[in-house]
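Going by the order they are written in, the chains are A, B, C and D; count residues from 1 in each one.
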Amino acid sequence: MTGMMKAAAFIEKGRIEIVEKPIPDIGDNDALIRITTTTICGTDVHILKGEYPVEQGLTIGHEPVGIIEKLGKNVQGYKEGQRVIAGAICPSFHSYACQDGLPAQDGGCHSHGYKPMGGWRFGNTIDGAQAEFLVVPDAQANLAPVPYGLTDEQVLMCPDIMSTGFAGAESANIKIGDIVAVFAQGPIGLCATAGARLKGASLIIAIDGIDERLSYARQLGADISLDYRKVDIISEIMKITGGRGVDAVIEALGTQQTFESALRVLKPGGTLSSLGVYSTDLTIPLDAFSAGLGDHKIITSLCPGGKERMRRLMSVIESNRVNLEDMVTHRYKLDDIVDAYDLFSHQRDGVLKVAITM
Amino acid sequence: MTGMMKAAAFIEKGRIEIVEKPIPDIGDNDALIRITTTTICGTDVHILKGEYPVEQGLTIGHEPVGIIEKLGKNVQGYKEGQRVIAGAICPSFHSYACQDGLPAQDGGCHSHGYKPMGGWRFGNTIDGAQAEFLVVPDAQANLAPVPYGLTDEQVLMCPDIMSTGFAGAESANIKIGDIVAVFAQGPIGLCATAGARLKGASLIIAIDGIDERLSYARQLGADISLDYRKVDIISEIMKITGGRGVDAVIEALGTQQTFESALRVLKPGGTLSSLGVYSTDLTIPLDAFSAGLGDHKIITSLCPGGKERMRRLMSVIESNRVNLEDMVTHRYKLDDIVDAYDLFSHQRDGVLKVAITM
Amino acid sequence: MTGMMKAAAFIEKGRIEIVEKPIPDIGDNDALIRITTTTICGTDVHILKGEYPVEQGLTIGHEPVGIIEKLGKNVQGYKEGQRVIAGAICPSFHSYACQDGLPAQDGGCHSHGYKPMGGWRFGNTIDGAQAEFLVVPDAQANLAPVPYGLTDEQVLMCPDIMSTGFAGAESANIKIGDIVAVFAQGPIGLCATAGARLKGASLIIAIDGIDERLSYARQLGADISLDYRKVDIISEIMKITGGRGVDAVIEALGTQQTFESALRVLKPGGTLSSLGVYSTDLTIPLDAFSAGLGDHKIITSLCPGGKERMRRLMSVIESNRVNLEDMVTHRYKLDDIVDAYDLFSHQRDGVLKVAITM
Amino acid sequence: MTGMMKAAAFIEKGRIEIVEKPIPDIGDNDALIRITTTTICGTDVHILKGEYPVEQGLTIGHEPVGIIEKLGKNVQGYKEGQRVIAGAICPSFHSYACQDGLPAQDGGCHSHGYKPMGGWRFGNTIDGAQAEFLVVPDAQANLAPVPYGLTDEQVLMCPDIMSTGFAGAESANIKIGDIVAVFAQGPIGLCATAGARLKGASLIIAIDGIDERLSYARQLGADISLDYRKVDIISEIMKITGGRGVDAVIEALGTQQTFESALRVLKPGGTLSSLGVYSTDLTIPLDAFSAGLGDHKIITSLCPGGKERMRRLMSVIESNRVNLEDMVTHRYKLDDIVDAYDLFSHQRDGVLKVAITM
């Protein structure tokens, strides 16, 4: 495989553009994927705005659906032409951190074996998925075959937002009969709502300020949707729970306000599961925290990756437990990805997720 | 049982004094304990200073060792004259919160069944243990017989600081081979150090600024003790761990500085187990928190109570796994408790814990 | 409250009959419930057949729905006339076993505090629910108010089979994306199927030999139903799972054959969650057990009780997550309970559960 | 590296002998280790006796301590000449089973990704450690550097028996204050005893029939040692626990009798953690199992492997938490390994473990 390909590269703050790059070579443990569909994540917008630094010229994107173009010689059990996805986080699974149960914090071959967010490589430390071709490192651990019969758009949410949103519900340790509140119903919050439903919560309260998102939240499993423009969220939730508070709360935005509100609606002994990417220091108010005596748990989760995670998520789609296809509200060609970024970053036209095809 | 008894009561901010009170009557589910030894807790000092509000005239103290004087008619399986302790936290074990695994947040008969710190009753919402007699509510669930052969001072730490300190190690989910740091080596931090050792940590780093406490920490199981007056704690711990950070960190003081330092020495994916009673809002620095993407866990624990907890803790003492007797550095009669408070609240003379006898 | 009441009592092997008994007095921690609806359990049939010994004259039954007739003086937060249920297992929540997280094995005031199945009192060690009135001991911990709007039959499965079946799914530690097999689709197996669905299994395989039960299993969440009369269950499941085996298997019958088959379809490292009441020694075949090297888990669960458990289960019903009303296939008056036992014990006429009213 | 080496190979039932083999080549993900010390395991004796089948000519042994002779080109962060160990179980960490938390049941590149005991490769499916050189597959995941200052014999137990014995204590979910019984004090049972101590058990009862082993058990942390030749183990343990039974029991032999006795001394709701390699079907007696209603857990564990596990175990040795050196009772040269097998398999001369050097 030689020749050139198109890729959406970070040029400078405010500019992600289509550039030409050589189709990359692969190492013995890698695979080359011909991307068929990918999408844009909120994190990519942070990169675009220069809020999260990446190297100039790096190809952006971490949500690949594609076809195996070429396999490194050590990668076994797959064949070229096979349809696959790979997680946004694609750890080595070899490092100390990985074996310690923390693959998302994979430190690779470092002597100490941990690196914050180290499992996130696509569009962060190596070239990403918004391109015609993508190199998947540690392919044996990260290539997940797409079950027969599922379309690209059906599995497009698996690499990142479904894995992240579900992790929010999993870290919240939701039990049968729990009452759960989910703050913000963007793509990840919506997946957290679906995840809370899947784990057996008996009352799910979704919070947002956009009608379509609240409506979609109810479709994905929320019993009650609250619009923060119309009601005081904290007093409303305390009323709904008879003054008790919720068993678990999932924060899916990344602001002081949602974090703090989340803590204030939590029962003593409850879990605040945080998914948001924060951009400022956070304050934990003394009273909402019972001065440290409330048996509170605050747990953050980075998107779990790896082929077993992807296999499980696709099995959830395949068995119709959750349907996330409708989350694709817009479709663009890779050539037009600058427009797609424009739409997505300004949240115009009710956009949730944008499918990018070749 | 009628007549009068002496009790240390909260009079007003700055004044806890010995007063005369009637020996209390008991209900059918209560027990009356003749206190033989009790002690003063840091929380009591907060009460003394008016920082934690209690009702005027309330008897203070929540660490009882004594003898059963009288049993309510529904309390079975005990006999008068038996030596017992009761946990600082003495939940009903009947409420929704208790059955939900959160007895320390016991809401009693409230319709919703949760109350922050609701399991803490002695010297908080009912008369406490710094008196000649104490009523133990829900005695069937809270009276724990002292094993034959153990002295009062040997079990004096069980009701509160041993239970709290060990809970810090338990909530930190310490596994065999973990590296653990414990910030502050007051009575609770020392117990957390002992608890980390008991749970299999292979490297325990104790931090404090008082030589005697650091020395005692090593005696209780710390491998390394660091004096914050002499070294930069964060860079020292990162050096010790080869840049990796610790698997778990226990905060046992309750200040922004220790909380923040604790977070900064934690590996990605590690657990910050917080025991401190905070008196201000807390700040989580963005960088130390990996913007919410570091798989961090922050878990607070209130002292577990109940007779099963007390039984287990006393079995640890009985089998010589841990020896906390030496923590009693001073001894006072109840009549002289004002002096004891003065010594303890000013941390004079190397005081750790003060035994109060009748 | 004085006078006489009707009750279904165990007379001798093969005879459960309606007798007259005095309406019982209650103690200070008890409540008297006027039963409005109850049902017959497979365990009651074991008692009828003399396979499980109880005292002569004991009132049978452990699945009460009713109205509070009278409250002991220590029972607070309820009022007479309130509609309530109580779990089949009604532990004291005071004993060592209860505080140790094992309320179903409640040893009461025994010195050691454990008794196998000790939490099961109704129709076992004290008079049960197949009567006009029932005494609920430790009522503060065991009375669970029925949410407004739910009928007796909607909550009739909560005290036993829903709690048991869901416990089977909970002990199996089902995770999102798991493949789960449930052996036997009687009332408890059906609830286990519903529970597996609630906990996020993405492929549920229900096994039975009765068409109606297999059909109902699909209605409650099974993706695939297998009739052991028509296919070889083990080879069929291995085929479905591509030779991998299931992540978790729930045994809901109590025979060597189902237990052994369950083990044979389990992946290495999987969990066999056993709910069946066995009547013979069990054999673990060496090969199916990988000689003890397969990282297998075998976990048995007795029906969890207590008001918090009941509250959660009723909230699942209230929020329409699961509908178990259709499980009531037949209805009888208490006076005709002998006929009801006859129908139920012979599994005639497609019976699943029989509602007994007054 | 070319030339010939000596290796202990399985010739036929009853014969393991030293043969000459070529020093093996390595693949890109492998490492070649020059063995400095290894040992013989009970499993090797099973192989010798023909009870566990392996290919004719296979090099036996799975407990390597050595020096890196050569690194595959993909293996980073190590250097030749470095002292390392590798676990007896050396999984790929890439397969579905590995990512599912079950590396010992690693199915490699199989489509389904699970294989019972599949992580055990040395001396089972590939040449093992009783040789001058050993190929470590997936070396990036499996090579664990020996901390400076530790001798070969100090870390010789880490690859298998320490990891297995500790896993027995970990799977038993031992909590602070637990009472634990360990059946059989061979090398693995001794390590389980040490592991139970490390995890905070407050009363450890060790059972065996050999004085030296019982004595060594007490040295490693047992509080009580019971000789089955002298007392009735079940009644003795029930007496010690006041009729309650133990919280957890570890089976470390692999016979019906120890398994059954283990179950009989277990409290309701307790965990039986099984480490033994069984050679017959097992029977679970109905009464000891409370007919399936006792909330029992039976959990089997295969030796955990991987470099992180090895690192943790060596850190436990390094910090003097446990000293297993004394377990080496005899020393042989590789050339004399036939004699070593003879001694070890007949348990002559108080042998516990035999160090084999080059």
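Note that in this section contacts are C-beta pairs under 8 Å (C-beta built on N, C-alpha and C of every residue); 3 or more make two chains touch, one makes a residue touch a chain.
Please read these numbers as outputs of a predicted model, since none were measured by experiment.
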Worksheet item: If you walk touching chains, what's the least steps from chain B to chain D?
Response: 1
Worksheet item: Does A-C or A-B have the larger number of C-beta pairs in contact?
Response: A-B
Practice prompt. Could you tell me the distance, in whole angstrom, between the mean C-alpha positions of chain A and chain B?
Written response: 41
Worksheet, complete the sentence: Multi-chain contacts in chain C, i.e. residues touching at least two other chains, fall at 100-101, 111, 113, 311
Discussion item. Residue numbers of chain C touching chain D in their complex, please.
Written reply: 97, 100-102, 104-105, 111-118, 241-245, 254, 267-269, 274-286, 289-302
Worksheet item: Can you list the residues on chain B that touch chain C in the complex?
Response: 27-29, 74, 76-77, 92-94, 96, 98-101, 109-111, 113, 138, 140-141, 306-309, 311
Discussion item. Which residues of chain B touch chain D once you look at their complex with the stated criterion?
Written reply: 166, 170, 175-179, 195, 198-200, 202-203, 223, 311-313, 315-316, 318-319, 321
